[in-house]
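One chain, subunit A, appears in both complexes that follow, with subunit B as partner in the first and subunit C in the second.
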Partner chain A sequence: MIRFYKGLFFAASLGFAVAAVARTPVFELEIRDHLFVPEELVIPPNTKVKLVVYNRDSTPEEFESYELNREKVILGGSKANIFIGPLAPGVYPFFGEFNPRTAQGRVIVE
Partner chain B sequence: MFLNSVVIVLREVLEAAVLVSALLALARNARLGNGWLWMALPIATCLVLLYAYLLAVITDAMDGAGQEVINASLQVGVYLLLLPILVAGCSPVGSQRRRMLSALMTVAVTFAIVRECAEVHIYVRAFAALQEHASAVWAGSALGIGIGVSAGVLVYAALRALPARWSQQGCQAMLALIGAGMVMQATMLLEQVDWLPDQAPVWDSSPWLSEQSFMGELLYAVLGYEATPGVLQVTLYLGSLLVAAGALWWGWKERVKHALPE
Partner chain C sequence: MRCRNSHSGLLVACMGLLSSAAFGDGSVVDKIYHPYVEQLEWEVEWRAVQERKPPASNEARVATHRLGVGRAVSEFVFAEVYVIGREGSDREFRVDAWEVEALWQMSEQGEYVVDYGLLFELEKYRYDEIWEYATTLLLEKEVGRVSATANLSVIYEWGDDIADEFETAAALQARYRYSQALEPALELYMGEDTLALGPMVQGLARLGSRQALRWEAGVVWGLDTVTADYTLRAVLEYEF
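Moving on, here comes the complex of A and B:
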């Protein structure tokens, strides 16, 4: 009986995990020549999304946004996952802290 | 690149410098000496190098949440280490407590330096290696360290300039605020990797005080200032402050209890 409940618990946990991952929309972003590509990401309102940021440069970059309360170092030639939201409609700027003059972008929630 | 280097290095050094200054003032008030800091510096340097070396592995660990989980653990670790330091700082320090207090301070400062300075090391190592940026990065970083350390010296001098009793209480209050700020930052990091739920901001004070201004950065280092904090961040911040206040009250009660028989 205990084994049955354990199995049920495991299946339920796995089900919730798969459902949670499946429900979260994924948006991809690249850092290329110290620029964000695309510069603008349009995401749905009141929805948690997963940003996958690929750093195609050889140098590291830090994804940073005061408005989104996010900061993450991404080494050259690697990728990083960053969850954002749920967000109200609006414009949320982000930038690359190591190259702030060029690496600028916006998340547009609409 | 010069100005950028100043800003990046200053932001990180400022946070560590404020914590070190408050601990130095507390240690001086408790006549502890500075041995704990001299022990922390080489250990922290080795760990910063190790962290930077392993960053790719750390980032990919735990389904991409490794960087945030380690950084959040370091920050919560600093807070948890500050609690017994707050208790011990309330009463005169005997030789056994002196050793314990020194050890706690060494670990707390080591954690803070690793958290704040690993990013500086990654930035400087990568961009100083580029011929066209090398001098600007080195000069900017040196200036950033200089300003950050100067701000720390000012905090230390201000705390020490207070009358003895107020100085100790000032150090303790500042450490409680820094600790709570660290918990708030850790909350934000765990929200970033979906380990904690993200919520709508409770307020938006960015029009009055931007997080990007020097005052915003200083308050971020001292109070954990966030212009747009979520409900969970505010709740855990206030909860951490409450626990720190409880630790101070307990330490004060112990002091009174030990003082009575005399």
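Moving on, here comes the complex of A and C:
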């Protein structure tokens, strides 16, 4: 009986973990020619989201945003996962620290 | 999540050690670490801690300076080496120890309920046969514009000039992300000879693409008769 409850607890825990991951909405962003594409991402309020950033350039770039409290270097030709939120409605700018004049974008929460 | 079960076990074990073992001796006031690594980053760091002991003690002032060079060696690991100098009101400044450390970021920021990582430090005194090794669990939780950080350490000291022993220490910080240039925080340090609380401010000034100057300055006051009356600490980091 104890083994049954242990199995049940393990299955429930696994289920919750899988469900939590599955519920996280995924958004994609590309770095191309030192630009973020698209420049604007609209995400839902009060929801944690996973941002998959693909760096299509051959040089590294850094996704940086003080407003989002995130800094992440993405090597050339690779991708990175960045988790943001839950956020209140508003506009949260981000930029590429290697090319700050061209690589700029915004996360719009609405 | 990589090795999530083993990480949870480690967390429980560290918490258990902190609650059951004696706290470490000597001051544990120092920089509070965050469980994050910035890939490709280099860093040159100076930091200083100065204690003002109670007037009744023989040693009225003790200062420790660290000069370090560090580099992110991978996406999730940052390594740094330091030379350490100490001075006091009864002795001249001299470089008397070296230290190596490695910080391992173990979760993506914001991925789980708490961000976590580990810090490994090894220190050797130059003129005494004293070694010190520490493993510190780094935890951070973001709640709106407030970031709460905990450093929970288990330390082992050994050598011919010191009694071999395990110690533990804890440092907690609540930081308000007001602006990149100025972030106020409140810090609490706990160890066998330390129970101290006080404010800290930190900021970052950008010097150009991939170059920044990060600084911290704080003071904590002793909350018991053993802890130094007050301890000043400062950090200056050039990141590139």
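To be clear about the criterion, the second predicted complex is superposed on the first by the 108 of 110 C-alpha atoms of A that agree within 3 Å, B and C clash if a C-alpha of one lies under 4 Å from a C-alpha of the other, contacts with A are read in each partner's own complex, and residues count from 1 in each chain.
The rule is short, and it goes like this: a contact is a pair of C-beta atoms (placed from the backbone, for glycine too) under 8 Å apart; a residue touches a chain by one contact, two chains touch by 3 or more.
Predicted, not measured: the structure shown is a model, and the values here were computed from it.
**Student:** Residues of subunit A touched by subunit B versus by subunit C: which partner has the larger set?
**Tutor:** B
**Student:** After the superposition on A, what does A:L41 contact: first (subunit B), second (subunit C), both or neither?
**Tutor:** A:L41: touches no partner chain.
**Student:** A:V53 in the overlay: touching subunit B, subunit C, both, or neither? Say first, second, both or neither.
**Tutor:** In the superposition, A:V53 touches no partner, neither subunit B nor subunit C.
**Student:** Look at A:A103 in the shared chain and tell me whether it touches subunit B only, subunit C only, both, or neither; answer first, second, both or neither.
**Tutor:** Neither subunit B nor subunit C is touched by A:A103.
**Student:** If you stack the two complexes on chain A, which partner ends up touching A:L29: first (subunit B), second (subunit C), both, or neither?
**Tutor:** neither
**Student:** Taking the superposition on A as described, I'd like to know which of subunit B and subunit C A:I84 touches: first, second, both or neither.
**Tutor:** A:I84: touches subunit B and subunit C.
**Student:** Would you sort A:G76 into first (subunit B), second (subunit C), both or neither based on which partner it touches?
**Tutor:** First partner only.
**Student:** Can you pull the subunit A residues that subunit B and subunit C both touch?
**Tutor:** Overlap of subunit B and subunit C footprints on subunit A: residues 48, 60, 62, 66, 69-73, 75, 81-85, 97-100.
**Student:** Considering only the defined contacts, which subunit A positions touch subunit C in the complex?
**Tutor:** These residues of subunit A touch subunit C: 48, 60, 62, 66, 69-73, 75, 81-85, 97-100.
**Student:** Give the list of subunit C residues in touch with subunit A in this complex.
**Tutor:** Counting only subunit C, the residues touching subunit A are 36, 38-41, 75, 108-111, 142, 147, 177, 179-180, 209-210.
**Student:** Can you tell me which positions in subunit B touch subunit A when the two form their complex?
**Tutor:** 4, 8, 55-56, 59, 63-65, 67-68, 119, 122-123, 126-127, 130, 188, 191-194, 198, 200, 206, 210-212, 226-230
**Student:** For subunit A, which residues count as touching subunit B in their complex?
**Tutor:** Touching subunit B from subunit A are residues 24, 48, 50, 59-60, 62, 66-67, 69-76, 78, 80-86, 88, 97-101.
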